[in-house]
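First the structure, which I've put down as structure tokens, then a few questions once you've had a look.
Labels for the chains are A, B, C and D, by order of writing; each one numbers its residues from 1.
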Amino acid sequence: MSDHFEPVIVGFLCNWCSYRAADLAGTARIKYAPNLRPIRVMCSGRVDPQFVLQALRSGADGVLIAGCHPGECHYVNGNIKALRRFTLLRKTLEQWGIEQERVQLLWASASEGTVLAAAVNRMTEELRALGPLRWGEKVLGDNGAAHLVVEEV
Amino acid sequence: MKYSYYPGCSLEKNARSYHVSTMAIAKSLGIEFVEVEDWNCCGATEYISIEKVPAYALVTRNLALAAEQNGSTNLVAPCSACYLNLKKADHYLGENVDLRQKIDLALEAGGLSYQPGSLNVQHLLEIIAVDIGYEEIEAQVKRPLFNLRVAPYYGCLVPRPAAMGSFDDPEHPTSLDNILKRLGATVIDFPLKAQCCGGHMTQISEETALELLRRLLKNAADYKADMIATLCPMCQLNLDAYQDAVNAHFGTDYKIPIVYFTQLMGLAFGLPADELGFGSEIVSARPALEKITLEEPKPARTRERGKKKTDLPLPTRPEEG
Amino acid sequence: MTHTVTSRPPTLFDNVIAETPGKALNLHACLQCGTCAGSCPSGPDMDHSPRAIFAMLDAGMDDEVLNSNTPWFCVSCYYCMVRCPQEIPITDIMYTLKRLAIKEGYYQEDKAPEFSETFCDFVEHNGRSFELGIAMRYHLRYHPLGAFKMAAGMGLHLFRKGRMDLTPSRIKNVSQLKSILNKAKELGGAA
Amino acid sequence: MTDQKKSPAEQEKVGVYICHCGSNIAGTINVEEVAQWAEKNPNVVVARNYEFMCSSTGQELIENDIKEKGLTRIVVASCSPHMHEKTFREATERGGLNPFLFEMANIREHGSWATNDKEAATSKAKALVNGAVERVVHHAPLEKIPVDINPNTLIVGGGIAGITAALELAEGGHHVYLVEREGTIGGRMAQIDKTFPTLDCSACILTPKMVDVGQNDNITLLTYSEVESVEGYIGNFNITVRKKARCVTEELCTSCGICEEKCPQKVIDENYGAGISYRKAIYRSFPQAVPGYPVLDKENCTYFQTGKCKVCEQVCPTEAIDYEQEDKVITFDVGNIILATGYDLFDARQIPQYGYGRLANVFSSLEFERMVNASGPTAGHIVLRDGVTEPESIAIVHCVGSRDQNHNEYCSKVCCMYSLKFAHLVHEHLPDAEVYNFYIDMRTPGKGYEEFYHRLLNEGTHFIRGRVAEITDADRHPGEEGKLIVQAENTLLGIQQRTPVDMVILSAGIEARHDAEDVSKLFKMGCDHDGFFNERHPKLAPVSTMTDGVFIAGACQGPKDIPDTVAQGGAAASQVAKLISQGTVLMEPVRASIREEECSGCRICNTLCPYNAIEFDEEKFVSRVITALCQGCGTCVAACPSGVIDGAHFTYTQVMAELKGVLWDVQSDVLTKQEVA
């Protein structure tokens, strides 16, 4: 493993809980790994599996999907839908030999800045251990054939 | 039911009656105990006061042996101190990586190894109250202990610390109460049921130790207990063997026999007293046992909410609530 | 429970936490509420209450702490531990304080250490303890009169009841135990 | 996708503005570097960095650049959009652009404040800025959606918070539905004897307000009722309430109270009476109950249990008793909702060492409130459980179940003060009695509170600093016989004290209602892990929730004393009044829409929508979004197998663009080949 590998994590944070959690972490000056690159979505239920695949293809080493706790979803149960998609997606990714740690789902309420920060730290550690994703070698093989399949997902 | 059995040093000699009565009731209840081969002392509360790693190594050798001899993954200790030391070692080794690594190396030096969590450490009281259950106990009763007033005494190390998961309440345990009730005994609501007997304080400051013992004896006497039922050799030893010393020191005259709950179970199960180790207690239990009658006492007046006209209603008791 | 790590040399406070298994870090969160001292059966005989000991640790009064008889009077009843509103493993900390006191060469004469030590070398040589034998030996060694009193008091009783003998039983594989303990000592140091 | 067709990215002229926020951002992030770097982006016309972008001069920068440089898109990199998105959208609008052609990059909360590593922070900032730029070029102009506000309001909970809010609104001429679970309004305040620190009689100041509620035509009072369902959204909620059968015809009942008087069935009053007094099977919690008609409690009614009795029916002069009465289900519409559901008292039985439930003379604080109350079981006489003996010594135990990791970690805020009040009341009723207050820290913040503490010091209360370890009846010495012994360390002396007393009062803490979580789900808003309802902002929006149109007041949000509770009741009311007078609210145009021509009619989205906002057109065999109902979560957008649902402002293209933008520095070769191909 390259000694100074810093993973890049894309975070899809829901507007009502986890994005605010990240805001709170900042406001409370909680220092955590700068490896997360947050993208705001209204609800974790908006996270299209294609976003995740695109993120991994575009060079992210991991993706963190964060939403409100079950039962606290601003949109009743979008987070549960996210959970369902996540479970399926993870299985698919495993088929391609992509480690579980690379795509994670987190519940963090607006008051849980520490939870979010801790999760980012933990995930960063896990990905440092795993090393770069190397999507090309893993999924694409030499010709981009497999790639097209991915596009269809 | 089959269990690995860790008697511990006390049960070899001073608490022989605990061992004998345990084996006796085990037969009636269909429990099979497989003694751990070549077990060693758990270190009591002393060893850990001197050296940490060796103390844990000492205890863990027993866990390793028990796991390796696989009589059963349930390891039972009748002595509270042994029970806690075994349970604690298993718990902290699982939790504390640094300690774990050291202990692994130490055991290795003796050609042993232990994987934390691979044994379920239980106290004798737990398997009787929980695994066997009160119904089964009641079913075995041939000679109910009618009119025998018993103070259930748990001591410290079985109910506490609850942090590692305790089967009973750390402040107000009830399992022994329930067992004794099923035996037909009159169980007193013993406020000091989980207070401390002083442990090894007798060896450090007799003053302190005797006061702790006095409190227990006084309170049991205030509640007119015919005897105190214990589940720990140290508690039994202190309360029994130092009762004279307490009387001498405080000018009191307590004569409260201290027996193991297993002895009372055996008695109620109709087993002969001499097979239960009776007679080895210093304050004789005979006078108390002679109080046992054949007919059931009238139910003790339970506190109804607002008995007298003036009374204000009482909140329901925790057990009921 | 996060605690910012600093570069300063470890204090006794730090060592106590480091040497105690379980949630010892909670010690930082002590409210000084006194639940521990209020619960302690032998508390009245301690020269400082457990709560005071924690305050003293925080104040860096290391000598006073290690000289205190408080941990030696702990009867390990664990009441403080289950009642502590900050979930501090107080009983385990008391064990740690004993070990550190011995390591640092503190502790009063004819108090617990000798008893514990007697106990321990017994166990190390036989693999089994037999409290009464040890008690006797301890008293004979450190205060013969005490020992006499003991014998007069309860020893004889137990003797008659066949609950006490002076020959300890031995485990078969003492050599295995010894090698385990020696390795452990080498790894563990005194504390 | 549609918005790809319009406005090809290249043509957009983006302006980027990096805020220093004093040193908050500039202290960690090299704003200069980020700005220069951003300017290299082909879409970026101008990139500036400025000390305070939210200042008027900062905003003018944007406005002028739009006019002078003909910018078509704006990106501001500063704080969280939850802070200043509104500000900069307005600036964008003033500059002459549609406000939604703006995007914000959060480089403060998510950037400079989250790390000390300047290099990392700077490159993260670049990524976030780049993401915003790539995204904003795909933005489309949008209009906010106006929603009418129904002027009626639902208030749940008839305690002092709910009462205050109801009166504020009703007296302002707005209609209120006040729903209360119990048979009467009044809540906790009605149980209390005196209020600290002024010691005025709680009932005396409360009951006039209760009467006002009962008489106000603008208030529809629904007692012995519970909300069953809540549909809709701000301005347009549809509410269903179950009005439980009280077996009394309200129109006929004159509240004479004869039924109550003659009812043969005595029941312990666990609720209003805190379990220390009795009521009848048909009862009013207290004489000043509003409404005045009683409730028949079927579980304990002899007639309902045995089929015989009917005494109440016989004695009722107006034939108001109706055993056949059934629950009524009522539905109505409101524009806003205020939750004022109050609190539960910590159950002291969870701390066995305090003996509550085992030791007769250990009382809970609420039991004592009732006892010392003139309308209580002993007509205000302080006596032991036997109902006659006056205690000569009383211990008051603070922090029961509070400030305790084993129970509630938080401080319950009111216990110190009410414990002081108890001490005072004992001095008043039993001048010779000794009073011991056991406390960890004495917490008396509030107007006149510390002064009250000083008053108690002068009244001779014994204050012992130490958390009580245990309370026992196991005496050790003759002096302790027949007493309750309170064992604690006097931490100021460093000694263990055993204090023998006749009576112990446990100052139990405040907990969220046992069913708070269900309630929060019912109203689609969150509660914290202690079960208290989450406010929108702890400082700046204490009575708002994350759900528009739903407000909270009083102890349901966290432990609170009466003044704070009343203040919140008023605050919530004024929030609602504001919305009512606005008449409409503008809602984010973040809505889904289906491109019907491409819809395959698979109907997957129909069932997914949590708001049933998607209808199916049987003729055209396509699905259609009812914009008024859509809340914009985007679940359907993510789920549509043919990708023909657009989530406005969060379109596939926009998110994908932002995604690739934030990953500008790690794009793998394979991908770029793909992109080229």
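Note that contacts are C-beta pairs under 8 Å (C-beta built on N, C-alpha and C of every residue); 3 or more make two chains touch, one makes a residue touch a chain.
As the structure is a prediction and not an experimental result, all values here were calculated from the model.
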B-C compared against C-D, more contacting pairs = B-C
Inquiry  = As a quick test, compute the distance in whole Å between the mean CA positions of chain A and chain B.
reply    = 52
Key: chain C and chain D: spacing of chain centres that average the CA atoms, whole Å   = 49
Inquiry  = Using mean CA coordinates as chain centres, what's the gap between chain B and chain C in Å?
reply    = 22
Note = Multi-partner residues in chain C (2 or more other chains touched) are 79, 87
Remark   = chain D touches at least 2 other chains through residues 353
Request  = Provide the list of chain A residues touching at least two other chains, using ranges where the numbers run on.
outcome  = none
Request  = Could you list each pair of chains that touch one another?
outcome  = A-D, B-C, B-D, C-D
Interfacial residue positions of chain C with respect to chain D in the complex = 31-40, 43-44, 48-49, 51-52, 79, 83, 85-87
Ask   = Which residues of chain D touch chain A in their complex?
value = 80-82, 106, 108-111, 113-117, 120-121, 124, 127-128, 131, 517, 520-521, 524, 526-528, 534, 546-547, 590, 608, 610-611, 631-635, 637-639, 647, 650, 652, 655-656, 658-660, 662-663, 666-671, 673-674, 677
Chain C contact footprint on chain B (complex, rising order) = 9-10, 12-16, 38-41, 43-54, 56-58, 61, 92, 95-96, 99, 102-103, 105-112, 156-157, 160-163, 170-171, 195-196, 198-205, 207-208, 212, 237, 241-242, 244-245, 248, 279-282
Request  = Provide the residue numbers of chain B that touch chain D in the complex, in ascending order.
outcome  = 169, 171-172, 189, 191-192, 215, 218-219, 222, 303, 305-306, 308, 310-318, 321
Message = Quick check on the complex: what are the chain A residues that touch chain D?
response = 8, 10, 16-17, 19-20, 22-27, 29-34, 36-43, 45-51, 54-55, 57-60, 68-69, 71-72, 74-78, 81, 85, 109-111, 117, 135-136, 140, 144, 147
